[in-house]
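What follows is a single structure, written as structure tokens, with notes after it.
Read from first to last, the chains carry the letters A, B, C, D, E, F, G, H, I and J; within each, the first residue is number 1.
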Amino acid sequence: MEDRKKLLETFENAYPDRDYVIEHTAPEFTSVCPKTGQPDFATMILEYIPDQLCVELKAYKIYLTSFRNDGIFYESVTNMILDDLVAVLQPRYMRITAEFNVRGGISSVIEVEHHKEESIN
Amino acid sequence: MEDRKKLLETFENAYPDRDYVIEHTAPEFTSVCPKTGQPDFATMILEYIPDQLCVELKAYKIYLTSFRNDGIFYESVTNMILDDLVAVLQPRYMRITAEFNVRGGISSVIEVEHHKEESIN
Amino acid sequence: MEDRKKLLETFENAYPDRDYVIEHTAPEFTSVCPKTGQPDFATMILEYIPDQLCVELKAYKIYLTSFRNDGIFYESVTNMILDDLVAVLQPRYMRITAEFNVRGGISSVIEVEHHKEESIN
Amino acid sequence: MEDRKKLLETFENAYPDRDYVIEHTAPEFTSVCPKTGQPDFATMILEYIPDQLCVELKAYKIYLTSFRNDGIFYESVTNMILDDLVAVLQPRYMRITAEFNVRGGISSVIEVEHHKEESIN
Amino acid sequence: MEDRKKLLETFENAYPDRDYVIEHTAPEFTSVCPKTGQPDFATMILEYIPDQLCVELKAYKIYLTSFRNDGIFYESVTNMILDDLVAVLQPRYMRITAEFNVRGGISSVIEVEHHKEESIN
Amino acid sequence: MEDRKKLLETFENAYPDRDYVIEHTAPEFTSVCPKTGQPDFATMILEYIPDQLCVELKAYKIYLTSFRNDGIFYESVTNMILDDLVAVLQPRYMRITAEFNVRGGISSVIEVEHHKEESIN
Amino acid sequence: MEDRKKLLETFENAYPDRDYVIEHTAPEFTSVCPKTGQPDFATMILEYIPDQLCVELKAYKIYLTSFRNDGIFYESVTNMILDDLVAVLQPRYMRITAEFNVRGGISSVIEVEHHKEESIN
Amino acid sequence: MEDRKKLLETFENAYPDRDYVIEHTAPEFTSVCPKTGQPDFATMILEYIPDQLCVELKAYKIYLTSFRNDGIFYESVTNMILDDLVAVLQPRYMRITAEFNVRGGISSVIEVEHHKEESIN
Amino acid sequence: MEDRKKLLETFENAYPDRDYVIEHTAPEFTSVCPKTGQPDFATMILEYIPDQLCVELKAYKIYLTSFRNDGIFYESVTNMILDDLVAVLQPRYMRITAEFNVRGGISSVIEVEHHKEESIN
Amino acid sequence: MEDRKKLLETFENAYPDRDYVIEHTAPEFTSVCPKTGQPDFATMILEYIPDQLCVELKAYKIYLTSFRNDGIFYESVTNMILDDLVAVLQPRYMRITAEFNVRGGISSVIEVEHHKEESIN
């Protein structure tokens, strides 16, 4: 698990003097429910204001795919992705919105934010 | 009626140091109109910022299903669900939006909010 | 169960010399899964060409509502509603299309037809 | 009631040598339910292949508006409008599709057709 | 006209200690244009924060239906409905949004608000 | 009026050995109502199977624009456009579908077809 | 051109003690491009808070129609309509949003606002 | 691979005297591209007319999930699912429509049908 | 130009005993208008029933991309793509539907079909 | 590259005393991925409040088309277009929103803003 962060490659932000927003929407996220062993599906939306680094898109895709056969809860996976990206990119602002498909007649959304001043370990 | 709250199971919030939003949308809520005895139907949207506890999704579904054959008004059921969830979860913020189907050519929405500082008994 | 058919009231078709189509769409059908005990939800679409009789709309609604707490499979309930309506109305043509909500990530549709020449007991 | 047909004005079809289709969609049809006294609402769709006569659009609108305060059932009003238009226009083909709003959680459509060979009195 | 307000029945707000929003959307409002005598159609959206009283839904429907054959302008009917509801309910906040169908190629919306501090006679 | 046809330029069909369909959808057609003097608006859909000639797109646009200030009825303009295009292109098949905007609460569609065997003068 | 303003008729605002919003959406606006001579098409949205006067809807339609054969740029026609309406109505607030159809693969929106304190000549 | 078919459980068709259609839509199908090793995603639509047997819905879901980590081409997986279901259910008619997500800017659909008279080994 | 066909790679159809449909939708097709030099854009939809060969998806994408800077008319490019694919795949059936974006206020669709019995050189 | 800015032609803002918004949406932007050599596609949305100058629409289109065969990253092209337009127009406010099509199952949006006080070289 602690190795997953290494999948995230970065490139230098060429416009660090300007605050601007990058958004990547990945509708093909899938992991496994730790209780039932059945697959879960979500659209994972990443929005951030870069500081010195941007996430490389293909590496980000491989990072998301690495959750494919892991058993993990909705709330945990969303917070964990935020923590990994914040640790690697040190962005000025970041938000993850995870929209999970219907389970038991109920659909769920988890939305987590990070602001620069908040410390991350 | 006073037993219904016991249906709500919880699990510990693993990220209590961060404010984040959990949203569960249940389009299959149904109860009974106390005046006509005919069934009512609604989409029940729960949004909250957890403090120490999150609601377990399957238990929440069973809790909602428990209203299936109860006669209860739109305004009452929406406020009652908020009160039950606030009492059990003690969230930092919570909102229930209940979107009821057309009756007599009119559709209705009830929207109720709770903020931590407001006291709930 | 054998009494349910009696809920269906009829009125005389005032235009029996002309073939025409009547369609009633009921998006609030609900019954109970006989395996899990959890509620099922469907949109029930009735299309028919009346012969001498039409189904009274309010009685039809009460008939559909009578399934609310019955445990019954998708395929059975759709065929049973067709059989009941055909027995009472003796229509020239009838089709029931039942569109069931997502269960286990899968939504289902059952479509059953009746033509006059086919005998119903 | 027998006077209503007189509201329908016509103009000569300038292209009688060619079969072509005219469609008028009127989403603002309203009449009154003869049982409850409450208003009903429908979208009234008229499609026809003219022979020697076309219906004048403004007169057709006034004709539809004349049902505003009449108590009349779904099936009757749809067949009656077809009969009136067929009697006045003598079209090669005509279809009325009446899409009624939700009542008691159920929406209804009535679809009636006329072909030239069928005699209308 | 001054009697119309009497059609509005109320019931006691069971949750007066909490500000919450009730919304009723009525897509079947119709009145008559005082200039042309032709019917007008609108979707009438009522949103309010109740104080001690809520409007009874069936009575509200009958109240709206009472405009069916009255000749009245868009701006007037919207303001008049707000005044009647404010006088009867004394709400903490109320908004009426009336969305009128296309006339002469133009559709219109009238939006009127009331806040408690504003005096109504 | 008889000059309008001259606006239609053509180019040679490079694939005359194969039946294939060309469709041009023009949502910005406008002419004038001969009774009221007010502008009418339509989406004009042309579908055809070319024989030896195709219509040049820019010329077709100018042809449609030439109706801008002419007073002409729905049924006439649709048939006239078909006649002009058939006379110039001699297609194997052609259909014009004219979808007119709402007037007096009613929208209209006129659909006219031409098959090769039918003679056009 | 300076006469166009005279087309705008008004009626007295019956509710001047209350700020409320009137919105008229006209999807059939058309003028002519001064460079190419080809017609332009737009949806013209007018929103305003009336002071003592409201614009009469039919006169407003005729006013908009008066641009039909005028050559005028997007930015100019939107500002000009605002200036004319402000001069005639003296509203508390007004906004014009003009949504122009695709030209050269690009669609355009011009949005212009007026607040009472801003002086108009 | 040859064991996968054993995952498909069946139940007896209670209405074998009537031809009717069962449709199951599974938007969460995923397998792996055998060339790139990257996951593929599809909506898998099953339509069939049962003979003596119907497929049990939960077992069908587990069957579909069994492809999750298999490397297999679009055309192969669609035909293979048809063959497995036909072998187990012996239906009167069956169709599989597999709608695959965008890859390289292109989305794909594979549609395979089986009719009873066609022999399957 | 005559080399373009070589870009199309194939793989063997593993299910040649069964007629089935393969559909590839490419919304990012672009070429250049030979008259104006400006780019054209289309969604290119390929449907076919394979005989012994299927088109490899990545090679098909590169084939479509090869038109990027070519000046070519709508009708020609659509027929040419059909001819190339038919020559390489020898399918039992094939259809190309090319949906071109708005130009001069008009959008266009070209639809071309091939059946096995028709000879292609 | 430094010449591209010269493609941007301007015209004088005729209403410099009023802040208003101009928006141009170009859904046909395409450039080339510098890593893979494959084309990228985006909808490019420009919003600005002009000062003394407006961008001429046809010149802006030609400017956007000039990127057609350039290899450039998402983040770079969006910032570069903002810089070019700000340098030429000196607007009071400007925002570019670039919505890129799906690549590797992920769609991306880049949003960049400029306010007058920020210095641009």
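Keep this in mind: a contact is a pair of C-beta atoms (placed from the backbone, for glycine too) under 8 Å apart; a residue touches a chain by one contact, two chains touch by 3 or more.
Because the structure is a prediction, the values reported are computed rather than measured.
The chains touching subunit F as well as subunit I are G.
Between D-E and B-E, more C-beta contact pairs are found at B-E.
Chain centre most remote from that of subunit G: H (centre = mean of CA atoms).
Averaging Cα coordinates per chain places subunit C and subunit J 57 Å apart. Subunit A and subunit I have Cα centroids separated by 38 Å.
Annotation: 46 Å between the Cα-based centres of subunit F and subunit H.
Measuring from the averaged C-alpha position of subunit H to that of subunit I gives a distance of 28 Å. The multi-chain contact residues of subunit J, meaning those touching 2 or more other chains, are 27-28, 38, 41, 101, 103-105. Shown here, the protein chains touch in an arrangement that is not a line, ring, star or fully connected set. The complete set of chain-chain contacts reads A-B, A-C, A-H, A-J, B-C, B-D, B-E, C-D, C-H, D-E, D-F, E-F, E-G, F-G, F-I, G-I, G-J, H-I, H-J, I-J. On subunit A, the positions that touch subunit H within their shared complex are 27-28, 30, 38-39, 41, 65, 68-69, 101. Interface of subunit D with subunit B (complex): residues 38, 41, 101-105.
Subunit A makes touch with subunit B in their complex at residues 75-76, 78-79, 103-113, 118.
Considering their complex, residues 13-15, 18-28, 54, 57-58, 60-61 of subunit F touch subunit I.
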